[in-house]
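Heads up, the next two complexes both have chain A, just with different partners, chain B and then chain C.
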Partner chain A sequence: MIIVIGAGPAGLAAAEAASRNGSEVALFDSASRMGGQYWRHRAAVSGYRSNRADEIFAKVSSAQSITHISEANIWSAEREGGLIRVNYLQGGIESSLTAEKVIIATGAYDRTLPFPGWDTPGSMTPGAAQSLLKGQGVLAGKRIIIAGTGPFLLPVATGLAEAGADIVALIDANSPLRWSLSPLALLTNIAKFSELMYYARLIRKYRIRPQFRRAVTAYEDGVATISAINSRFHIKPGKSQTMRADVVAVGWGFVPDLSLGGILGCAQRVDSDGTVIFEVDENQMSSQPHIWIAGEATGIGGADLSLVEGEIAGLAASGQTIEKALLRKRVRKQRFADALKRTYPVRDGWREWITSDTTICRCEEVKSQEIKDSVSDLGAEDSRTSKLFTRAGMGLCQGRMCSRNVSEIVSGITQCAVTDGERIAASNRPIAAPISLGQLSDGKNSR
Partner chain B sequence: MTHTITFTFNGNAIQCEEGQSIAAALINSNQRELRRTRFGDEPRSIFCGIGICFDCVVLINGVANQRSCLVEAHDGMIVESAQ
Partner chain C sequence: MKNPDAIVIGAGIVGASSALSLTNAGLKVLVIDRGAVSSGTTGAGEGNILVSDKDPGPELALALHSRNLWFEMQDDVGDSFELEAKGGVVVARRDDGPLMKLASEQSQHGVMIEKCNQSRLHELEPYLHPDISSGVFYPQDAQCQPMLAAAHVIRTVVQRGGEFISQAKVTRINVENGAVTGIETTRGTFNAPIIVNATGTWAGELAELAGSHLPIAPRKGFILVTEPTKKYIFHKVYDSDYVANVASSDADLQTSTVVEGTRSGTILIGASRERVGFDGAMNYEILRTLAAQATSLFPVLRDVQLLRAYRGFRPYAPDHLPVIGQDAKVKGLWHSAGHEGAGIGLAPGSAALITDAILGRDSFMDAAAFSPARFGRVKS
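Up next, the complex of A and B:
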């Protein structure tokens, strides 16, 4: 038995590949339908090359050896003899399942940066606007600003426009000219041009005017401040404008969720963009025997790379041969993923956008000034100590939203760079999903 | 055909399609404020939309800290803003 955790592109590809030789697969996902965050859908998947999603859904659904365990939240995992046990909640009931092998494909969520007003209603991540639309059939608002950085802003902006929203601004903090830093990645991924053309057509059709080297630096009473910024993300004085919008959807790339692999002891490292990711070998195997990891948790790279990594992990876990051509395909996609990180960096000038009363930790309502005070008055020398003083990162989300930002803010004050150890510690949590003590004590349904 | 259901939010009847999340139903009914914060009494709404940030938590049938972006609305549910 192979447990695959996550039914997004990587998990689906892993399950499908493993099932080719008849291996038993239990495919876990917290949602009711497969597809993950990227291929989220209510009826049919739409968007660029959505037929890929339909094909893999059909293969996974028809494979006799794959069991799709939906609406299940895995909150922990442990070794048990030679096996791995995953503990999960499904419909309020705590259960567990053991298997010889596990493939982790838990994906990522939007990376966010604080700015004045980012905690008021109407401010959300592009992923939230996307999930409301694709998963729920609901428009987040009428006049929408999409901002932040990275290519994911394109499907969000064009999808919302197609559904009838007025995209009043589409703003990337980085210049597309930065692609010139990665000519080899472009030349070896020519197919990406057709994807760009697909979005360019939609942007023209809906009269969206993309802007670059700007950022939403404040949002108050339905009015967004859009500032011109330099390459270090410092605001250029005198070049700000305001714009009315009922939604500002701002995202700065993605953060993978490492909780489960971390609990199982899988080794991690800091990627070129500062993101903490898992170390894996050529076959996507982690530092822990019988645990493979695929998709965003091994480096942010998008659906194309996730599909290839998932396929490799599925083949490896089920003991099938991995063709050289597949490994070469991963090298090519990886090169493109690296180019994405080079083209769309997040620079630390954002720390100037926040004011003393800007919320940094949304859960515990910790303001920027409190973090500053914890360093200058209370003597905190790193983010861990600052968090103990301020409770930043200790709320319900367990620091998933603010941990990295708190580290960067503290580092800006102490003038000490955030260490890799600090980044890794801030990315791990003792449990992967919340569970009440009552549910824990109510006994288990073991299989 | 989609089936319409009704739940209450802070005592007001909200109609939505069966299968929609509570947060989506409320946003669609122009009810953006889902709760107020414990300390600052500040309004909060949906933020990450995928169950990571816990900003949209509400009380559902008396059970606290439920993520309204994940929980599907059902007929007769009693949803309240929690602090």
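Up next, the complex of A and C:
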């Protein structure tokens, strides 16, 4: 038995590949439908190019040896003898499943940066705007600004435009000219051009005018401030404008969810863009025996790379041969992923956008000034000590949203770079999903 | 700082209060820590300031005085660390004989107690399981936010002329003719004739650096933290088994529930005790046991979500008493460590004892029971 955790592109590819030789697969996901965040489909959504999804959905659905365990939240995992047990909640009841092997494909969530007004109604992440549309068929607003950085902003903008939204601005903090830093990645991933042309056509159709080297630096009472920024994200004086919008959807790339692999002791490292990811070998195997990891948790790289990594992990875990061509394909996709990181960096000039009363931790309502005071008055030197003094990161999301930003703010004051150790410590949590004390105690009685 | 009068090693609550007490006595104090403020056991504690869990004896005498010193320290430093005399409620689930006997003995040694019948118990804690019918209320039990306390106390030390250097790991303790002369750290060499070892669970390692010995070992504990809830728990509530476990030397896992609410609305649930060295691994069976015990005390907690769990390492000595006093072998090396799970509560009292001992003054109690010499001198 192989447990695959996550039914996004990487997990689906892993499950499908592992099932080819008849291996029994239990495919876990917290959503009711397969697809993960990226393929969170409703049939009616268009303006969104992902034709590979249908093919893999069909294969996974028809495979006899794959059991899809949906709406299941895995809150912990443990070694038990030579096996691995995952403990999960489904319909309010805790159950567990044991297997010889596990493939972790838990994906990533939107990275956010604070700015004045980012915690007010109307401000959200592009992922949230998209999942409202794809998951529930709801348009987040009429006049929408899409901002942040990265190619993911394009499908969000065109998807919302197709659904009837007025995309009043599509703003990337980086310049597309940065692609010239990575000519090899472009030449070896020619197929990406047709995807780009697809979105370019839609952008022309809906008269969306992309803007570059700008950012939404404030949003108050339905008015967004759009500032010109330099390559370090510092605001250029005198070049700000304001624009009315019902929604500002701002995203700064993605942060992988490392909780489960961390609980199982899988080794981690800090990627070139500051993201904490898992170490894996050429077969996607983690530092821990019988655990493979694929997709965003081994480095942010998008669905194409996730599909290849998932396939390799699935084949490796089920003991099948991995063709050289598949490994070469991963090298090519990896090169493109590296180019994405080079083209769309998030620079630390954003720390100047916040004011003393900008909320940094939304769960515990901790303001920027409190973080600063914890450093200058109380001697906090990293996100952990700042958390102990201010409660930033102690709330419902357990710092998933703010701990990286707290680290950067503290580092800006102490003038000491954030250490890899701090980044890794702040990315790990012993409880992967909330569980009630009653469910937890019933688990004891049933054992 | 050039030539401090004393160097305190360790910026947890024990080191911080020692530094404050020495500063207030007129000494120039340098505090150093290998990490940041509160980065050891202080940063993993609940902030217990308890008299209820102590048997009559020297530790109870220290706890009673220390508890009052906490409020004096608040007057001195400012109301900045959520100090609250919330009171403790100890319940007996089965035979209440041992608890009632302990309470009677404690009351003869200055502990305020109120033996509670069912209706009084449920008046104090309305959400307590209806079957629990006997307990003792200890109004002196208190709580603080220990990380904030250590930070504010060290800030006060610095304001009064002291200095704090973080991220400085001690690599050597210089000893000449049987007396300390200073320390070497990863951030420089510092000389002083008085060194206070307040490194808690790591105090044994530090003693070794001076060529001495302290038998202090870690005792691991887990704490569960829930989502913020409506106020269900009004005091520090625990099971009378807890007292037995605190005093136990058994290496096996022991758990007995301590449940309390915090100002932020979260509920803290402790406390397991395990002697497994510095193995930090999460143990989900312990979390289940703690959750089962807490929900059996307070059934209303069944629907409350667990958000996180953390662990820490209590520093304990073989006889479960703190180690406070001059090293048995090295002059000028003073230890204040090994407070086990009671370090927050005992910190200001221990600071007063160590300061009095260093200055050769009379103190509020005889500290012989805490002397490092009780473990025997090590051969050189």
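Keep in mind that, in the parts below, the second predicted complex is superposed on the first by the 436 of 447 C-alpha atoms of A that agree within 3 Å, B and C clash if a C-alpha of one lies under 4 Å from a C-alpha of the other, contacts with A are read in each partner's own complex, and residues count from 1 in each chain.
Here, a residue touches a chain if its C-beta (ideal position, glycine included) is under 8 Å from a C-beta of that chain, and two chains touch if they have at least 3 such contacts.
Model, not experiment: these values are computed from the prediction.
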item	value
Chain B versus chain C as contact partner of A:Met401, first or second or both or neither	first
Contacts of A:Ala380 with chain B and chain C, given as first, second, both or neither	second
First (chain B), second (chain C), both or neither touched by A:Thr125	first
Chain B versus chain C as contact partner of A:Glu279, first or second or both or neither	neither
Chain B versus chain C as contact partner of A:Arg362, first or second or both or neither	first
Which superposed partner A:Glu323 touches (first chain B, second chain C, both, neither)	neither
Chain B versus chain C as contact partner of A:Tyr109, first or second or both or neither	first
First, second, both or neither for A:Pro430, with chain B first and chain C second	second
Contacts of A:Leu388 with chain B and chain C, given as first, second, both or neither	second
Chain A positions touched by chain B in one structure and by chain C in the second	395-396, 434
Residue numbers on chain A that touch chain B, as the complex places them	30, 37, 109-110, 112, 119-125, 127-132, 135-138, 140, 257, 362-363, 365, 395-397, 400-401, 434
Chain A contact footprint on chain C (complex, rising order)	11, 36-39, 43, 147-148, 151-152, 154-155, 164, 166-167, 224-228, 264, 266, 269, 282, 284-285, 287-289, 291-292, 294-296, 301-310
Contact set on chain B toward chain A in their complex	17, 20-21, 23-25, 27-28, 32-34, 37-40, 42-55, 57, 65, 69-70
Sites on chain A touched by chain C in the complex	76, 78, 87, 263, 364, 377-382, 384-385, 388-389, 391, 394-396, 398, 429-431, 434-438, 440-441, 443-445, 447
